[in-house]
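Look at the two complexes coming up: chain A is in both, with chain B in one and chain C in the other.
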Partner chain A sequence: MTKTIGIPRAMYFYEFYPVWEAYFKSLGFEILLSPKTNKDILNAGILACVDEACLPVKIFHGHVVFLKDKVDYIFIPRIIGLHKREYNCPKHLGLSDMIKSSIDGLPEIIDPIINLRNKNGVKIAVKDMKNELKLNYSQKELYKNAIREQEKYKKNLLKTDISLKKDEKSSNLLILGHPYNVYDEFINMNILEKLKDEDLNLFFAEDIPEKDYREYSSQFIKRIFWTQGRKLIGSSYYLIDNELIDGIMYLSAFGCGLDSMLVYLVEKKCIEKNIPMIVLTLDEQTGEAGFVTRIDAFLDMMEWRKKDENNLSTFR
Partner chain B sequence: MDSYYLGIDVGSVSTNIALIDGRDLLVYKKYLRTQGKPIDMIKDGIKELSESFGHSKIKSVGVTGSGRQLASIIVGSDVIKNEITCHAIATLNYNPDIRTIIEIGGQDSKIILMRDGIIVDFAMNTVCAAGTGSFLDRQALRLGIDISEFGNKALKSVNPVRIAGRCAVFAESDMIHKQQLGHSQNDIIKGLCQALVRNYLSNVGKGKDIQGPIAFQGGVAANVGIREAFELELGEELIVPPNYDVMGAIGAALLGKENVKVKGSTSFKGLDLYKNDYVVNGIDCNGCSNHCEILEIKEEDIVLARFGDKCGKWSSNSLRLNS
Partner chain C sequence: MKITFPHLGNVYIACKGFLEELGHEVVTPPICSRKTLEIGSKYSPEMMCMPFKIFIGNYIESIEKGADTILITGSCGPCRFGLYPIIQADILKRLGYDVDIIVFDAIGEGIDKLKTNVNKILNSKSSQEIYRSSKLALSLIRKTDDLSQLSNEVRAYALNKIDVDKIMNNYYLNIEQTHGAEELLKLIKNTEIDLREVPIDKNINPLKIGIIGEIYTIIEPFANLEIEKKLGDLNVLVEKSLTPTIWLEHHVLSYPFGSKHENMKHKLAEQYLKNPVGGHGRETVGSAIYYKSRGFDGVIQILPLNCMPEIVAKSILKTVEKDEDFPIMTLVVDEMTGEAGYLTRLEAFIDLINKRREKCIG
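Now for the complex of A and B:
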């Protein structure tokens, strides 16, 4: 009988779903993906999760609650590191442990260690999966195929030539933040929908090739050892230094440890290059008035500044 | 017939109305406490306005403040603008040289940096309301004094006590301890003013390049104690515009006036609108797991607007709202 594996639509889903989907399908699993975040999921997550965690982690708990009685397994990989000498947010590292200790009546949790800090990281992960899923064959080839799906997905994201995105009339705005904040429309009160009708070219960290953002995030005395951090810092620095953007909107979940550092580094660069930036703090509030006021005022300011810039002679 | 331009600022604590004439000069202003009843306050304000200006022509209406959507639905506005832009517009109209605006209202506090007549940076308080008017209101209540005496009492103190200003709850317990130790009321009040200013500068003003001339506006600008504490901390005199309490409304009026120049005519429903009955109903939508809280606004028996849903099922049936 086909077994069903549940995948929470939260946290790393927003980056790695293509590889997960291809992999589990090739293993013959049925996949159940939790729905887009909604109020029920949020409420279930807040009830289940420890109070100190950030909102995205609470929402992750909610997605697991949604899935737990509907599937045979839930997939919560323990992604320790994706690059040499780099780590992920500690909450990612311990996510499956948090879930196991906070939620009762769980199906089996599939939580292979994915630690690409080691040379043998992939090998270990593949073996881990074999044991956890009680497979009697090596699935190395299947895994390689799945990775190809992920590569295809990444290539698709990079398809647009960003230098073509910039036109003189509209303002270029970078929406920065962890993918689970930028692409979960519930958590960010559907900000992309709000910006859709404005006269803006929207840029995302995903528009920047890995090679470039890695290069631009390597200019510090001390290395940035968070993979996510390198992407956010590198992509924003790349766009600022190449004069591709007029402003940055940073979506940050209240209490995010990584952001406490990353926001500061982006802010510093923005001050240096005179680029306006706003940090929008996301938490459980659903009252949109304050959120909309900040967005509106920021867009007004960007437009005002751009107009002013165009009025100045280039021979200052 | 005289022509005027109306601006309405519906904030969390106050609802302000400003009327300007063709030369952008203020001819009428009204500061009302919102008291959680924005619709009633808008109606009250419009009623009073119609008593003095019923015979004149209102050529445009601009609305601002956190209740601007609601206000727009009730009065029919030409422009709906956020408070930051409105404050900046009004201040630049008053004095184009201003480089920094400190604005402290009921639930919001803002800093707006302007250079060469444009906004270059701004910040608002985050989730916490510790550095705002509500904080002062609360502490005045606690001390049993009227908020209007607050500033003058602070000025009488020569030896202010230090009070933790990070959080309204902590400040309150700190204040009670200082009271129990026997510190005078004036010293405690001055300490509170300094705590608010410290909190504002380290929270809202964090990392901002505060340059003079500085304008101080919003309801809290009436408080001389706060003003003095700011001047001490910044080492510079603050300019409090004569209409500091209705600057947002003035900005909205100016923007409405501009807008109608382009648009040609106003959407204003007229000064008689206060005679209508407005009813707001809450609807709990059970259509999906989002359980949106829908608000429905009716004028007499006509549905003016429904909003608050994520999917558009309710709001698309009424007039479309733009922010």
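Now for the complex of A and C:
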């Protein structure tokens, strides 16, 4: 009988789903993906999670609640670091332990330690999986195949050259934020759909090659030790310094520890280079109408800046 | 070079002694107050955690007193404390303060940087001189910690709590007038003698409560609204899970293995939290179990609003509370915390534990 493994559609799903899917399929598991975030999932998450946590963590709890009675295993990797000498957000580090304490009646949680700070990180993770899933054969090859899937996915993301993306007539807007805020349609109230109708070229942090964002994020007196932080800082600095964008929209979850620092650093650069920036804080109380009004006002302002830049009255 | 540093409980006493022995001029920031926090909140990013804001307030208050060099320890993740210097340096620059920030990072961050920083501080003294000053500083940190623990113990048993207050207030006032480590050690000794003479009621069997949570809010009395004193006045014997001594023993003196005491806490926490989550999240979980095993009546977790590692710890403490049948209360502090509500929660918690104890005995 094939066993089912549940994967919550939240947090690192947005970055690593291809590799997870390929890997578990090759192991002969059936995969159950939780549905797109909706009101019920949010409510279940808020009930289960501690009050102080940020919205994405609460939503993650909700997805696990949805999956728990439908599957044999739930996959919640402990992603400690994705790069040498770098970490993830502390809440990611303890996510599977938070889930275990907050939700009752869970199926078996598969939580291998993925620590690429370590040279043998992948090897350890694969071994961990073998123990947790009680497999009696080596799955190194399968893992390598899965990684290839991920590389393909990454390449696809980077396929379009950003200079080609630029349409002279319309403004260029960079959408910044953690992937689980930018690509979860429920958290951000489908902001990408709203922006699609506008006359805009949208840029994302994923458009910038790793080499470039790493270079641009290493100009501080201290090394930034969050992989996600380097990506957001580096990509925005790269685009601003190369004069590729006209504005930045930062989607930040209320209570996000990383964003409390990252927003400041991006804002600093924007003030220096005179680029408009808007920070949209998302939480479970955010109302859509106010959200839309703010976006409209920001876009109007960006447009007027472009149109009327040289037509300011000298009488001020 | 006039050196200053942010406040962390009583560490300023040892820090002042150490730097003065090395021949530096030291500007101690004024004791943290409402004003410090107000200055800090005004210039810091809104979503930043409270220690950051108090640090900024400390810096600005000491710069106004004449300091031109700031001394802080660094860390390299994953808690945001490690990135404080980037933003703090920028905030001070924007405000027009011309100061030098010296960050002591772990050896892993580059040995050359550490060497230059250490040399700046050591002031080209002879190795003998340095050894002597470090030894003095170390004993100062230990002695100040022991003294505050002693005051906690005496307060729980004291007939008149005001006696302890008087002695301790006097002690803090006198610190400002002393110069160098020797004088400080003498002052500490005298205070200790005074404390031992406070009349106590030996028949009291006080409740024992452990304070766990984020290191800054545990150690800095302003950040936790003097929780030790408040609990002591309610006849409670308080012990803190983290003190500067414990930190120093774990991170510096037994580098890179860590002290026995803290490693034991990691082991205790293992069944709930397998890997470190930055800050002192794992130690918080371990300490709760540790205090239960030592027969304490309860623990109180304190965290600044938005503290990432402690949020993880808090959600795990729920399970610890259930599994171990052990009362745990969480207090979140920030610049909006009101003293009255805080005291009410403490009193309610103590009442509950008192009832629990009566039930167990009766």
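In this section, the second predicted complex is superposed on the first by the 307 of 316 C-alpha atoms of A that agree within 3 Å, B and C clash if a C-alpha of one lies under 4 Å from a C-alpha of the other, contacts with A are read in each partner's own complex, and residues count from 1 in each chain.
Convention: contacts are C-beta pairs under 8 Å (C-beta built on N, C-alpha and C of every residue); 3 or more make two chains touch, one makes a residue touch a chain.
None of these values were measured; they are calculated from a predicted model.
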item	value
Clash or fit, chain B versus chain C on superposed chain A	fit
Partner chain(s) touched by A:260 [first = chain B, second = chain C, both, neither]	second
Touched partner set for A:294, first chain B, second chain C, both or neither	first
First, second, both or neither for A:222, with chain B first and chain C second	second
Partner chain in contact with A:276 - chain B first, chain C second, else both or neither	first
Partner chain(s) touched by A:98 [first = chain B, second = chain C, both, neither]	second
Larger contact residue set on chain A - chain B or chain C	C
Smallest separation in angstrom, by C-alpha atoms, between chain B and chain C in the superposition	6
Complex interface listing, chain A residues touching chain C	49-50, 52-53, 78, 80, 85-91, 93-94, 97-98, 100-102, 113, 220-226, 255-261, 263-265, 268
Chain B partner contacts - residues on chain A that touch it in the complex	35, 38-41, 186, 190, 194, 254, 267, 271, 276, 281, 283, 285, 289-290, 292-294, 296-298, 300-301, 304-305, 308
Partner chain A, residues of chain C touching it in the complex	45-49, 74, 76-80, 82-83, 85-87, 89-90, 101, 103, 105, 108-109, 272-279, 281, 305-309, 311-316, 318-319, 332
Residue numbers on chain B that touch chain A, as the complex places them	66-67, 81-85, 108, 116, 118-122, 124, 126-127, 207, 288-291, 310, 323
